[in-house]
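In this document, chain identifiers A, B, C and D correspond to the written order of the chains, with residue numbering beginning at 1 in each.
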Amino acid sequence: MVVALYKGIFKRDMSIAFQQKAELIQPLMFLLMVVTLFPLGVSPSPETLQRIGPGVIWIAAILSSLMAMERMFRDDFQDGAMEQYVLSGMPLPAVSVVKVAGHWLVSFVPLLMLSPLLAVFLNLTVDMYIALMLTLLLGTPLLSLIGAIAVGLTVGLQKGGLLLALLLIPVFIPLLIFATSAVDSAALQLPYYPQLAIIAAMLLLAVASAPFAIAYSLKVSQN
Amino acid sequence: MWKWLHPYAKTEKAYRLCITLQPWFWSGALVCLFVGTVWGLAFAPQDYQQGDSFRIIYIHVPSAILSMGTYVAMAVAALVGMVWQWRTAYMAMIAMAPVGAVMTFIALFTGAAWGKPMWGAWWVWDARLTSELILLFLYIGVIALYGAFEDKQQGGKAAGVMALVGVVNIPIIHYSVEWWNTLHQGATISKFDNPSIAPEMLWPLLINLLGFAFFIGAVTTIRLRNEIVRRELHRPWVQALANTYYENKRT
Amino acid sequence: MSVLDAAALTCIKRDRTLFEGLSFSVEAGELVYLRGPNGAGKTSLLRILTGLSHPDEGNVFFNQKNITSFPSEYNAQLLYLGHKSGINGALSALDNLSFWMAQHGVKQSPEVLFNVLATIGLVGLEDVPVRFLSAGQQRRVALSRLWLKKAQIWILDEPFTALDVSGIALLENAFNEHISQGGIVITTSHQALSPLAGNHRTFDLEYQW
Amino acid sequence: MQFDSFSSFLSMGGYAFYVWLSFGVTAGAMVLLVLQSYLQHKSLLNTVVVEQARKARVKKARDNASM
């Protein structure tokens, strides 16, 4: 019976997300355009693009995720659904995990599907692309989970958008460092499993602790 | 001035005009595309340098030209809508936008596929391909802006302004990208010029261009009819239209 | 025996004590009309009663059990409607209500939903995204949960806002029915309650500087 | 005819993959666009019929309410 409740929340989030398709596509277009700026700004020669490629893709992914992140709790908070969730007696950490999973599915999976095009734009080799995919697969849930904590805190504020970026960018730096170094070592045909293992460890830590932090931050902004 | 054009400002007349135009567009498109493609693929001579991969020109160049042409047509429709306050002009602009975006996508994809055997990479930051990509972003901007408005009337006006801003920027983007390309003239990217086209290569190209233009006209009329129905849902003539549509579908 | 008790509640918002040492109790079948000037802390008091926000001092008891230590029992019997309706604009009234009914574990068939929406005067608007409805109609969609979820305690914050005359009569009628069946209604409203809502106890909250 | 046999026509002088991919994607994009336009047309007419059904439902409710 309880699973049905969470399935209900997930289904509701999906239907709300698909009602507002534009809000899903816009961060992706932002990502594509930011990546397009680098060859124009830096240089179109394939060697330079390949060297800066991983960093460009990851930085653009983080920036575009910051834009989509706010949508996670904003609607539910503004129309009062968050209050009803708190009062519905369901454990808030579990509810927030369901909402974070829904948000990850809706905004990061399209990003993963777009990554081949970005790899072609920045002239990445096949092994670099595989490493990039692995780091994205492990890294983006981490972005969602940690991002949800900050979104929970700033959702009550009117001007939360930019503040969210200021809060989250420092926290995303370790992920950025290990992800880009993994792709760089893939470019040099070196093994990149240590970096992946560190990212996976950070993800597991987040999965274990973030839901409670999210639930607490939602309660704080409720008050 | 232009008295004969005024009746088409009213939506029902414009709807009827679309219905009469559509069969002509479709027949023109099918004939020209068939003739142009078969002629280009099978009968036109090979290019002495690139061999048969050159035949992609018969869809790349028409779609590239028409992607630019559709954007200009969109801007003209926006201007007409703005100056003479014609709602149908805005609807035509919105009908054209996705068609132009698809044309730009076709030009991009065929350009990349054509470049692959030459440059060895699926995507190269060649001047024309880059400005074509930026044009696609302009199209997506106009479509996204229109989609963001709940009140389609207001959305049409806003998208119209963006279309005009875009059309002013197209030449600026084109020349700055050209200059950027020559500036970064890396040894790896050989300046790829359109080979001088022999007459028997040119004819299928022109026919295909006409074919694509007819195709754009046909799809735009369908989408214009959609926009008109979407905006006039409660008008009696649309109700009658929907009922007759479902009557003959049911019998 | 009182069902809901507030013991020595104190609430301080932005360094201003809204109320201090506030105690009262509500028996079954009672309609409490919370009155007070703007800024007196009515909304804060209601949110403390529901457990949404915590008082600086004091506790709230439901059937003599502290609501912070036994939240699930209290939540099952509580229905709170704040200023924000809890209805998502992108979804239709039907989707919203069937979602909330499933969350409350109340199995409702579409017919019941359609009937409730009809009694609340929303015929023909059941499948329209809620954002296209007027403020009064959106308020009615939120209020239709009173008919759908069987909860003993109704805590309503300004439920009459944006309602027209027929809406107000409908709601007061529902109050009367609810308290006659032993329910509790605690509500605020910027206009006086008509006798249609049945006998009620007014509770005044002074504005404290 | 530029090609002596149909198979050499298909091979396109060794560039078969690129030529046929381009033509295929172009045809595909055009067909998808036309399909989307017609589906949109059908769904719009459908909304008109749904609107009429809604008006009938409201009128019926008002009639038996006023009875």
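List of remarks:
FYI, contacts are C-beta pairs under 8 Å (C-beta built on N, C-alpha and C of every residue); 3 or more make two chains touch, one makes a residue touch a chain.
These numbers were taken from a predicted model, which means no experiment stands behind them.
Looking at which two chains touch through the most C-beta pairs, you get B-D. One finds 17 Å separating the Cα centroids of chain B and chain D.
Look at where the CA atoms of chain A average out and do the same for chain D: the two points lie 33 Å apart. Centroids of chain A and chain B (each the mean of its C-alpha atoms) stand 35 Å apart.
Centre-to-centre, using mean CA coordinates, chain B is 56 Å away from chain C.
Taken together, the touching pairs link the chains into one ring where each has two partners.
Of all possible chain pairs, the ones that touch are A-B, A-C, B-D, C-D.
Against chain A, in their complex, chain C makes its touches with residues 50-54, 71-72, 75-76, 78, 80, 82-91, 95, 99-100, 102-105, 129. The touching residues of chain A, counted against chain C in their complex, run 1, 4-5, 8-9, 12, 15-16, 19-20, 75-76, 78-81, 83-84, 86-90, 222-223. Put simply, chain C touches chain D in their complex at residues 118, 123-124. On chain D, the positions that touch chain C within their shared complex are 54-55, 57-58, 61-62. Of all residues in chain D, those touching chain B in their complex are 1-3, 9, 12-15, 18-19, 21-23, 25-26, 29-30, 33-34, 36-38, 40-41, 44-45, 47-49, 51-52.
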